[in-house]
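After this come two complexes, each holding chain A, first together with chain B and then together with chain C.
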Partner chain A sequence: MTETRTRWRDRAGSAAQKLSQGYALVVIIAFAASLAVGLLILAALGVSPWRALGVMIGGAFGSRMAIGDTLVFMTPRLMTALAALIAIRCGFYNLGAEGQLQLGAVGAVLPATMLPHSLGLLLLPISLISGAIFGALWGLIPAVLKLWRGANEIIVTLMMNFIGIYFVKYLVEGPLQPAGSNFNMSAKVATGAMLPLILPGTRLHLGAVIAVVVAALLWVLLYHSTFGIRLRAAGLSPRAARLQGMPLSRLILSSMLISGAIAGLGGAIEVLGVQYRLIEGFSADFGFDGLAVALLGGLEPLGAVIVALYFGAINSGTIALQSVLSIPSAMAMIMSGLPILFLASIQGYRLVKGRR
Partner chain B sequence: MLFDPITISLLLAAAVRLSAPMLLASLGELVSERAGVLNIGLEGLMLFGAFGAVLGLQESNDPLIGLLSGALWGLGAAAILALAVALLRADQIVIGIGFNILALGATSLLRQVALNPSYNAPSLRAVSLYRIPVLYHWPIVGRAFFMQSPVFYGAVLLAILLGLMLKYTRLGLIIRAVGEGAGAADAAGVSVTVVRFGAMAFTGLCAGLGGGYLTIVASGGVFVDNMTAGRGYLAVAVVIFSRWRPIWILAASILFGCADALQYQGQAIGLSIPPPLLLMSPFVLALVAWVLMGKGKTGPGEIGLPFLRGQK
Partner chain C sequence: MPTDPFLTLTGITKAFVPGHPVLDNVTVTVRRGEIHAILGENGAGKSTLLNILFGMYQPDMGGILLEGREVIHRSPADAIANRIGMVHQHFKLVPTFTVAENLRLAAPPAIRPSLARNADIARLADSFGLAIDPKAIVSTLPLYLQQRVEILKALINRAELILFDEPTTILNPAEIDAFYKVLQQIAAEGRAVVVVTHHLNEVTEHAQHASVIRRGQLISSGPVAGRAREDFVRDMVGHEVDLSAALDGTGEAPGPVRLALHNVSVAATPSSSGLRDTSLTLRAGEVVGIAGVEGNGQRELFELVAGTILPDSGRVEAGRTHADGRPRAGLVPEDRHQEGLVLDLPIAINLLLNKIDEAPYARAGRLNHAAITARAEEMRAASDVRSRNVHVTPRILSGGNQQKIVLARAMNEDADIIAVYQPTRGLDVAASEEILRRLRDAANGGRAVLFISSNLDEIMRISDRIIIVYAGRAVGELDGRASRAEIGALMTGGAAH
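So, the complex of A and B:
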């Protein structure tokens, strides 16, 4: 099993490696190809693709409100992407951002609805931190299970996603449902815990800024700290890192703590900035979208910001598509999934051809 | 009231009935994994199958054609996935994630474009119930195991045949060889690409049929967005902690079927577990089983790795 474990880690490492080389062109091709397929689908649905493209761009960037929406849709996906990124860069395939985000939302809503409202604006940092802690603890579980039992993290994190989702469902149908309510949601969070809106006339909240700041901090951590060097070394080659005397277990544990905390913070932001309640299904598969964002962004914080912005635009654009041209907004998911398919295929092909 | 034979028998019957999609998907995944492919896209394949089955049903009014259509949609979707994984050597995990996002969107779009929401399904009895003569009279287990959909019997038969095939036939040996050491298999003249492509196509066929069963046999011919709800991911876990053995896969599927059944019948037997916790339980069980079996190595050695000639 040790042998297999090392191989898994090597694979994650080499994934990070191969993504960084000659990468920008491949990503551009992947996006162009998926855009072409998307336009073909729209044509098949009987809409002029150019008209549709115009509507989408208008819906994503055409007005102040559109830009606000795009950034609101970007935020959770950027957070889960950053969470996925730091774990994968350490060689730990964390597919559990969805679950950590769900737990983060729980962690935020507990203080935000239960602590006395008299705490005022103090409630906001308390709730955000509590969300991050919940996410971090949830993220720690797969790391511990891997180090202690050798349980492959891919399966563990996938299972824990659904445990998290159903845990939220349980909470909002039971313990957190206000007495006398029939809706599957928690009580509204206290005003002091809400993230302030930052662009008048839009839904844009402070969370978007937090997400970008976290991305910048992560970049500093990865490239300008000893911890970051060790973390990347462990991801690229665990064996070499071990021979250098690096504390592999501790690196994995801390990268998963950070990863979980970021995803948890993302969940907290979604609750305190957009929904103001814990609602079943508040996450539109943010976890998996974030993974796609992280991989498309080359596992780099800056790349993640750019791709997350694109994903945000796709989501606000397809909403305009739905209201103007009655195209189902499921197009957003198609447009989010396609680039990854192209990217992985092209990268695989490059691997076969030995151009890595 | 709680433990009288009739309730138990009904509950067991429902559990077995609801176990079939998981069983079929897991058996498909088993072959992929034996050939060295960790197919996370199983969730998406099931979704395509579930949609395809309802489409087939609506077009033909024949549930049998519906199931066939589901299996073929699964096969078609798997062919695309296999093209990327087996031929182009795409990273199996990465592509699986992208494929599942795409499947969720595509089936939702197709549902809104191609399915008639007010369609009245014809009688689905032909595919949902067949009494095996005499045996179904058995107390308690008769109803559970001998009064089921013909698809379930087929799936059990498939489990037995797959077990024998993988263990005793030349084809089984080739599949296992490719999963265990693709380089050696390649050197022996086996085409790793063809074997993995074939294995994934078979996975698609099974997962598609499983998805079709979910819509046509278990939900009366209705497709709902994301109706697989993680069953595909669960099936991937089931295969691994069943240690690639069809018999254990069958047992695990029925156990998870129980959780599904309790969700619908829990109230009737006076059980007051909230439904979300029942929905959660298979994932918790899978996690616990997965952690408990942690050490030990019986699985395919090169699972998850792309085959590159000339590299170890």
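So, the complex of A and C:
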């Protein structure tokens, strides 16, 4: 009864509508402007922008190893972006991908370090699934709190990120720290649990493929399933969806389960494909980057793949900038932050101008 | 009665999109001592004209002559300084403030000291014949009194011209009469009054001067005396429309009961009385009109039929129900944009939103786009929805076309009941007539139609029975031929204000 009388907010609907109008063009303008400003900053640092651009592109795509690095950097950001977008498309603002990713990493490292190594290659699927389940359960908490108690999901998901981050810190300083170690990290995962490398001579692991496959699955789910159409209807216009008998609560719970599972899987992939251990601070704000990727990508799976690839390239490209031209790799943060600022400015301007 | 020209809008042209003027060379003169009605269909440009006059938009061409001198209104502040007041459709009051606080807030600084005591305000209000309690919190007042505060705001600002945008949609018949008495008095004191409306009765009964705008053009402007309703409709629509076209039933006795509410109660909310111990039945083949002033339980009634709320006590019995117990009913909700449609999903999905998980539109959770498109195209053709195809979103369509989608979906529901709530709100005359015709046909074809509306004319035309709700109760049931006076008396709970 209280549930059926809840007034559902219509944010997602209006946001999606505003974003969809000429969105691709706006994004291209935002990225072009960011690149221009980035190059101007480099010029101000006394570096030839064209040389810097060449080094960055070379560092991102210039060699097999560069491409591998770009895709490795892309993977966690794509996973958290997909997690964010499936929840937001249902009208649930999940800002908690970072925490769900942390819990996913925990979920993966537990079986991967503790189960008998004799399980061999079985350890990989077990650890991945365990990570997804941990992430899903962590994501379910804010959904349940919202539906039962009306708790604001933006605050709850945001705050639970810190619980997740500090929980990992606690684990690697305590229960999961191998005896006699002074490093804040767990034991190494079993070889059978490691994601296989797929491009010889690079760090590229199977997780990148998993991420792209998840993106494709999400696209099918959103556009070719009844679940997807109901999820989108509920996100765009909850009151209309409710009048046509759609179970809003169930849709939100389901979308948050999927969202948390994807972010958790992202955390598992990072542990099993890159670090091979649970390490304090293993996530370079992947959850927050993912939110940016999801929004810049227009909350579309394909858009998320493209923008995540850009973020990956910026990360590997700026590492090259640092090693070749001694430019701080913090440039990566500037280059990935600028498009968001430009996009927000353009969209904000359009919103204000459009209001009559 | 003095009738000197007070203000002239000369050659006003305004285009939000270049090449598509919303107003095209409109010239209107407003005189002191007159109630001047501006008539037009939705989107004709009448609100834009008002907003230009009040300084919210700038005209592309043309200007404002105030007592022969050209003025420019860059903002509402300029208009107020030129002694123009506006009562918006949605009131601009601070709901948590008292009447006195709202009036002091709106008063020019020079006048504020003279409003310091509540007694000053009460005396001032009385002097205008607008008695009101200065200590009352605005949000607790009925809408007709809130409107009074808005009028007082304009008068305190020494307005010589007061603009009203659709002022009577929130009033019951008795309140409408009282409202126009106030306007007559304001005009009689030598002020000018402009009322934007699409209620023809009000124009022919209360206004002295009427200007009709159609698609941005001024079609006619002159005294009301000697003109009939039909003349105004022709000016508004551009062709003859028979507003008295029969919407009659088959004449046969209604069939079995399709929906019954037994002593249902729903808790009140700040904006509604809820329902109290209300019973009603709806039979196959009849249209039952629900008349009442907004907020007297209509929304709860609709939501009970939709199954989105459950009664706190009492029972809702429907002939057929969904698996989850909701009554099976075709629904045309009040808010077309938020409840009727998902504006950013394609027309095809909107048409089949209620059946999207049923075969042949979905199999094993997978959408069958071909089946959806085929059926949606059929429905679009049958309902004459004017759109390029069914893959575009309804956002770009006119209100009439949007409502046709909502109605088509309601008719397509496997239900004996159609429940509609303000089905013609915001639609032009032709589109309204078409919606009413289809609802009547649905009833004559054996469906049971629950017709909830604040438009009494429509209810009187289409209904076989009229149930009047007041303060959450069904206070009376009248035959479909009942008079406006009979219905109006019940709408105010049997007592006049």
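In this section, the second predicted complex is superposed on the first by the 345 of 356 C-alpha atoms of A that agree within 3 Å, B and C clash if a C-alpha of one lies under 4 Å from a C-alpha of the other, contacts with A are read in each partner's own complex, and residues count from 1 in each chain.
We take it that a residue touches a chain if its C-beta (ideal position, glycine included) is under 8 Å from a C-beta of that chain, and two chains touch if they have at least 3 such contacts.
For clarity, every value in this text was computed on a predicted model and none was experimentally measured.
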Partners on chain A (chain B, chain C) - clash or fit: fit
Chain B versus chain C as contact partner of A:H224, first or second or both or neither: second
Partner chain in contact with A:L158 - chain B first, chain C second, else both or neither: first
First, second, both or neither for A:A143, with chain B first and chain C second: neither
Touched partner set for A:I258, first chain B, second chain C, both or neither: neither
Which superposed partner A:V27 touches (first chain B, second chain C, both, neither): neither
Which of chain B and chain C A:I269 touches, first, second, both or neither: neither
Chain B versus chain C as contact partner of A:P328, first or second or both or neither: first
When both partners are placed on the shared chain, which of chain B and chain C touches more of chain A: B
Partner chain in contact with A:G245 - chain B first, chain C second, else both or neither: second
Chain B versus chain C as contact partner of A:G348, first or second or both or neither: first
Least C-alpha distance (whole Å) that remains between chain C and chain B when both complexes are overlaid: 5
Shared chain A surface residues [contacts with chain B and with chain C]: 1, 4
Chain C contact footprint on chain A (complex, rising order): 1, 4-5, 10, 13, 16-17, 20, 223-230, 232-233, 236-237, 239-245, 356
Of chain A, residues touching chain B in the complex: 1, 3-4, 7-8, 11, 15, 41, 45, 93, 95, 145, 149-152, 154-156, 158-163, 166-167, 169-170, 173-174, 285, 288-289, 291-292, 295, 328, 330-341, 343-349, 351-352
Interfacial residue positions of chain B with respect to chain A in the complex: 38, 40, 83-85, 88-91, 93-95, 97-106, 108-109, 112-113, 225, 229-230, 233-234, 236-237, 240, 274-277, 279-280, 283-284, 286-287, 290-291, 294-297, 299, 301, 304-306, 308
Chain A-touching residues of chain C, taken from the complex the two chains share: 16, 57, 306-310, 322, 324, 326, 331, 333, 335, 338-345, 349, 353-354, 356-357, 362, 365-367, 369, 395
